[in-house]
Amino acid sequence: MARVFSVHHNRIGRSPGTVEYLGSRKVDTVTVQARVCGPDLCEDLDIEAVLAGAGPRQGQTLWVDVVGLHDNELVARLGARFRIDGLVLEDVLSTTQRAKVEDREHLLYAVCRSSDFTSTNGRAGTEQVSIILGPDFVISFQEREPDVFAPVRERMQRGKGRLRTAGAGYLAYALLDAVVDGHLLALSHFGERVEALEEEMLDDTSERHLAEIHSLKREMILLRRAIRPMRDMTANFARLVAEDFGDEVRVYLGDLHDHTIQTSDAIDSYGELLQGMHDYHQSTTGQRLNEVIKVLTIISTLFVPLTFLAGIYGMNFHHMPELAWRWSYPLFWTVTVGVSVGMLVFFRRRNWI
Amino acid sequence: MARVFSVHHNRIGRSPGTVEYLGSRKVDTVTVQARVCGPDLCEDLDIEAVLAGAGPRQGQTLWVDVVGLHDNELVARLGARFRIDGLVLEDVLSTTQRAKVEDREHLLYAVCRSSDFTSTNGRAGTEQVSIILGPDFVISFQEREPDVFAPVRERMQRGKGRLRTAGAGYLAYALLDAVVDGHLLALSHFGERVEALEEEMLDDTSERHLAEIHSLKREMILLRRAIRPMRDMTANFARLVAEDFGDEVRVYLGDLHDHTIQTSDAIDSYGELLQGMHDYHQSTTGQRLNEVIKVLTIISTLFVPLTFLAGIYGMNFHHMPELAWRWSYPLFWTVTVGVSVGMLVFFRRRNWI
Amino acid sequence: MARVFSVHHNRIGRSPGTVEYLGSRKVDTVTVQARVCGPDLCEDLDIEAVLAGAGPRQGQTLWVDVVGLHDNELVARLGARFRIDGLVLEDVLSTTQRAKVEDREHLLYAVCRSSDFTSTNGRAGTEQVSIILGPDFVISFQEREPDVFAPVRERMQRGKGRLRTAGAGYLAYALLDAVVDGHLLALSHFGERVEALEEEMLDDTSERHLAEIHSLKREMILLRRAIRPMRDMTANFARLVAEDFGDEVRVYLGDLHDHTIQTSDAIDSYGELLQGMHDYHQSTTGQRLNEVIKVLTIISTLFVPLTFLAGIYGMNFHHMPELAWRWSYPLFWTVTVGVSVGMLVFFRRRNWI
Amino acid sequence: MARVFSVHHNRIGRSPGTVEYLGSRKVDTVTVQARVCGPDLCEDLDIEAVLAGAGPRQGQTLWVDVVGLHDNELVARLGARFRIDGLVLEDVLSTTQRAKVEDREHLLYAVCRSSDFTSTNGRAGTEQVSIILGPDFVISFQEREPDVFAPVRERMQRGKGRLRTAGAGYLAYALLDAVVDGHLLALSHFGERVEALEEEMLDDTSERHLAEIHSLKREMILLRRAIRPMRDMTANFARLVAEDFGDEVRVYLGDLHDHTIQTSDAIDSYGELLQGMHDYHQSTTGQRLNEVIKVLTIISTLFVPLTFLAGIYGMNFHHMPELAWRWSYPLFWTVTVGVSVGMLVFFRRRNWI
Amino acid sequence: MARVFSVHHNRIGRSPGTVEYLGSRKVDTVTVQARVCGPDLCEDLDIEAVLAGAGPRQGQTLWVDVVGLHDNELVARLGARFRIDGLVLEDVLSTTQRAKVEDREHLLYAVCRSSDFTSTNGRAGTEQVSIILGPDFVISFQEREPDVFAPVRERMQRGKGRLRTAGAGYLAYALLDAVVDGHLLALSHFGERVEALEEEMLDDTSERHLAEIHSLKREMILLRRAIRPMRDMTANFARLVAEDFGDEVRVYLGDLHDHTIQTSDAIDSYGELLQGMHDYHQSTTGQRLNEVIKVLTIISTLFVPLTFLAGIYGMNFHHMPELAWRWSYPLFWTVTVGVSVGMLVFFRRRNWI
């Protein structure tokens, strides 16, 4: 199961701003893609060239996309090249961040969690995504494959839309939009599983459902921790970006913010639905218990007294006058039937049968 | 069952502002009605003429009402004719919007969910309604029949009230008012079902009620997601409209806002009532279990020891002096009655009978 | 049972501002009392005279009190006489309003719900009360008898206090104060019932209590919907009135506002108390079940094995050597007593007896 | 049990500002202590002298402390002497106030509830305390003994600290501080009882604990109603006092405000802890039920089939070939042991034993 | 168990600002370390020298670290030397403070709770930590060992990072950061225990788990009371410090504030997870009860009627014609098997087996 929260114990006590990754390697090799795009061209750059100073020209945007976080040296060199301060780099490498946006002198740092429902056996997991936005460049960091930015890369390649022309602010928007699209998708898959379970339960409930409800609740908590802080984050991001990149990007970021409100809203509804399903399950169990117990009680109440009666006339006392009577046996049956009918009337009156 | 949340998977990864409907066709043909109204006249226009440039004259208002969303071309042409930007059109066609209002340069875009309790077997469903308000025109989009705007159309036809004279702002108000009236109606029907179930349950509870409570809770969640965001939306709408259309519309929109507070309030009360009904059901089940178990215990506790006693004197040991005693049998009965009375006293003291 | 929420279906689709009452007649005749009071006099006026233009002179205040809402014509004439606009009149007649105050050009409209615990068999019900405050007049509307304003009328008659001299603002305050006093009273009666039930339950719980708790919870929901919106309403009312009627009324309205905070607070406490009572009931039921089941288990576990043993020696096999043994029967009793004692030790160790 | 809320029914309908106490007499005689203190002296004054006009001289502070509220005349005379308006006096005498502070022209009125855990058999009760603060005097009202202000009086007598020199503002602070100290103490006692019960329950749970949890929850509700409003009250009081009595008192009142935040926080934690204890109790009961039922089921399932078998060979049919067989009886025992072992294996596999 | 809340009863009634520690001695001896650090040096000072007036020179920072609070005289002398007012010292010694920051004339006082999961048998406990920040000195107070500031001391010793050069503001930040790092660590340990329990429960639930869940909930309440107020505290601290110590410290404190948001968030998630685990446990218990009862009912319902039948033919009536019939015994078996099969069909239809 994905952990709700964890820190790396050896992190404690280090100086703030130490650029060192302490998590497990989630990919074998760290891959870096640097690409510079403008209205007319879109070409890959060698990362070494970029680190050595190569960059976008007027009207162009540079995008450096890093997948995998365990190459401390690379991160430090990127930091030096783009003047990213140590606290930001520490946050990039410390994968327990809550979605937030920070305004540093000449750049914006946004961090959030993408939801990757394919990772852990179809259950929702979340990975940290960092985006650093400068005047003409965007640097993005992901923990592992699959690349949530693949659709953006593809659209950029095709050259359609505004991706090539609208600058770094729009590119950062497009990357965040890809993350939120991932949330929408994860939420939709999650919802399908919740509602499939719900429908199954309305037919019949079993103990298996309980474990499934609990497990879905847990995923819901994880997803919600990824999704909910996006609301404030996108609102702040829109506010900060608007000043530097103009009104067009503001409109798009407003749209993005609306999507995060939708997802927040939906995850809350699922939380409530899951609680309702738990309540329904529990009550159904109680109701079934009642029915089973009623059957037991009816059977016992019918036969236990009669068995006692039969036991009496099975006794071997020498002096039991009834034994010799001519009509004892028919009388016994009469009493038996009479008691049974009386009991059934009693049960009917109590509304048990 | 209506889904709590869903997105169309092929939507993910498209450029923002793509005008394409991805949902299922909820009506066979898309119908469009264009109507221009002024103090003196109210006549239908041909939609092609409108798209070609025909519009309202001084003092007139144009209303274009689209039912059905799968005609991408029509939507795109409307967008071009009335200069509606791509993000708005994308939202119009993406039917998972939460109620909101957006202020675009020369027009206002309001989206919300109407509640149509007739659609899915008497259970409440919700459909997306979009309203685009320009200086002298209103364009409305609905997902399917039945037309929630029918009462507005009729009042406009009859020529009564302010609908013909008060301009586009008032018309937009009237359309939103029709949506909120739909909520009031749906809520009233919903409430009748909740309260009918409640009254039935106070007579007697059964397992069927549990499924019904769960299903009503679910509907409540759906309804609430349609109703609650209307509060902020109508408040924002009133604020934005007031500047352009003056004080009279502001008063009406304030009234509308009050209605959305009433509906929010009522749906919350129903949520609480349903939770209370669930609690009541569960407790009643537990209480009944207690009663049933008491009967079982009383019967067993009375007869099980006596049956044992009878079993003893049914044994075939050769040496059982009691068997030959003269008063054994009457003594047996005495003991039996004595034990029974003792038990009954015990039960009475425990307050079981 | 009082409905939690309802609208009149034929209301839907009407023009806003239609002055028509759609509810049921809660009184046979609509009664109207018009009274004009000043420092020196306090006399009833004929309502027709008032409608024809008669009104208060300098330093006097006119109070028109309407009980019963089904006389549409009267309401319309009052509207015309005192220049009350249609939306206000519609709200007066539409009895599902949430407490609010509205600032119209030359008058204030306050609406709230009085709680009338005498109406429906001792259970709390709520009725709508509207108060329209002009510069020198107050018009009040109530749905039915009993008149919550009776104490105000009486104090005005006696001529004591400030009612005659302090103007329309003070009169409106006095009317709202009468409504809040009604809430205090209803809450006190409600609380007595809750606490009587609680005390009864601490002695012994029964199924009847469950239905009573549920019913009290429901009343609590209704009362809370009447009481809670009063907080904001009185605060707004105080703010709006202060400008026109000066500081003295502001002090009184502040006092009124404090009372509404007290009532809100108390109804929330009762809600929590009722939930606690429900929890207590449920847990007690579970605890009792445990006890009953223990008795059953002890009896069964003691006697079922022994009955089996007796059954064995009641078998008629020809070859059962024990049957002929001299000490079989005493041995049987020894085993019986031994097993019983063993069982009792086992139960004691499990802390069951 | 202390009532959660009550009003005196004859209060309803009186003019606002009526100075009349309607509650029960909580002390036999109303006691009044008037004391004037300055840097050099601290002497008691005769209350009649004070009412006749005697008061503090320059640099002195007068403190009038009233215990018991049923002397309406005294209260009215104090009101006249210190120009306290009727609404304030009405609140002083109406003992259902929520903690608040009011700013009247030349004085401040603060009301709150002291918690007196000694009053009702060791259970927490709350009494109303009113403090009226003028430029050079403080008037305090309490409902009953024991005097929560005793420590203040003592410190004043000893002449230590700032009580004699720091003016009326500091004295009012000291009185409120004594009330909050009382809350801290009551909370600490309350907490001890909660935690003692918790520890007892972790050993073993019984029905008695349920009633105790419920009763503690109820006390918690009462205490919280006394404690929680203190937060806002002390914040407002600090703000209002600061203007007149300077920075030093502001610092102390800030400290007092921090204490009210601590108490609010702690009472909320206890509420949560009590709910957790209730949940624990309920679940433990369910768990125990399971165990008991398992024992019953194991015993029944072992012996009921065997008893049936024994019953068969106890039948008296003339033609039962098995009865005459040589090895029937040993075979019977073999079957018996075999079935028992099989059952035990079945139970073990279900993890019941 | 750690107490949720306690005050020292003899504290009540003392003058505010009394510098006296009333808690238990948590360490044997109070240890004080005074150290002065600058860019070039870092040396320990004798505490007596410091109290006598020795202090930091230009560009240096003095850190006085006190562990153990029961040396009243030392605290008083520190107060006199650094001009700390009595209310602050009282708060330092009163170990029930909620995290807060106070702005005194020439210094800042921050108090919070460190979480020390090693203290009470692996369970989380919390200790009070006070930090007083002056222009060129920091005084810290801890209740007991282990020293949460050890990592800071070590880094300072090593001379790396900004600790020696960045002034008192940065030192105070570093100390708070150590406290928050302790929270992160405690939370991580706590989370491991919660999730280990969760995994164990998904295999099988037992009564032991209930007590463990309850105990974890309790720890959660304690941890949350330490963690949650840190959010506001760090935000206020950052605001107040920024003015005096410049932008660099502001950035670090912003980072610290983000960490407190992470911890708040995580502790809330654990609270929810624990509640979910409780719900899961309770429902599983109910479900298992159902299964056990079903077995009991099936067995009883199969054999009880048959035992009755066998009992009948064990009776000793002289006139029972069936006893003599030739095929009675085979017929008896036929009936027995028939009834059993019928019952099994009935159970299968009810979905019990």
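Going in written order, the chains are labelled A, B, C, D and E, and every chain counts its residues from 1.
Just so it is clear, a residue touches a chain if its C-beta (ideal position, glycine included) is under 8 Å from a C-beta of that chain, and two chains touch if they have at least 3 such contacts.
The structure displayed is predicted, hence computed values, not measured ones.
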Q | Any chain in contact with chain B as well as chain D | A | C
(Q) Suppose you list every residue number at the chain C-chain D interface; are over half of them used by both chains (same) or under half (different)? (A) different
(Q) Need the CA-centroid distance for the pair chain D / chain E, whole Å please. (A) 25
Q | chain A and chain D, separation of their C-alpha mean positions in angstrom | A | 41
(Q) Going by the contact rule already set, what residues in chain D reach two or more other chains? (A) 282, 286, 288-289, 291, 293, 296, 300, 304, 307, 311, 314-316, 320
Q: Name the graph shape formed by the protein chains and their touching pairs; answer line, ring, star, complete or other.
A: ring
Q.
Per the contact definition, I'd like the list of chain E residues that touch chain A in the complex.
A. 150-151, 154-155, 160-163, 174, 177-178, 181-182, 184-185, 187-188, 191-192, 194-195, 198-199, 202, 251-252, 254-255, 258, 261-262, 265-266, 269-270, 272-273, 276-277, 279-280, 282-284, 286-291, 293-294, 296-297, 300-301, 304-305, 307-308, 311-312, 314-320, 350-352
Q.
Under the definition above, what is the set of chain B residues touching chain A in their complex?
A. 1, 3-7, 9, 11-13, 15-17, 85, 87, 91, 96-98, 100, 102, 204, 206-207, 210-211, 213-214, 217-218, 221, 225, 229, 278, 281-282, 285-286, 288-289, 291-293, 295-296, 299-300, 302-304, 306-307, 310-311, 313-316, 320, 322-326, 328-329, 332
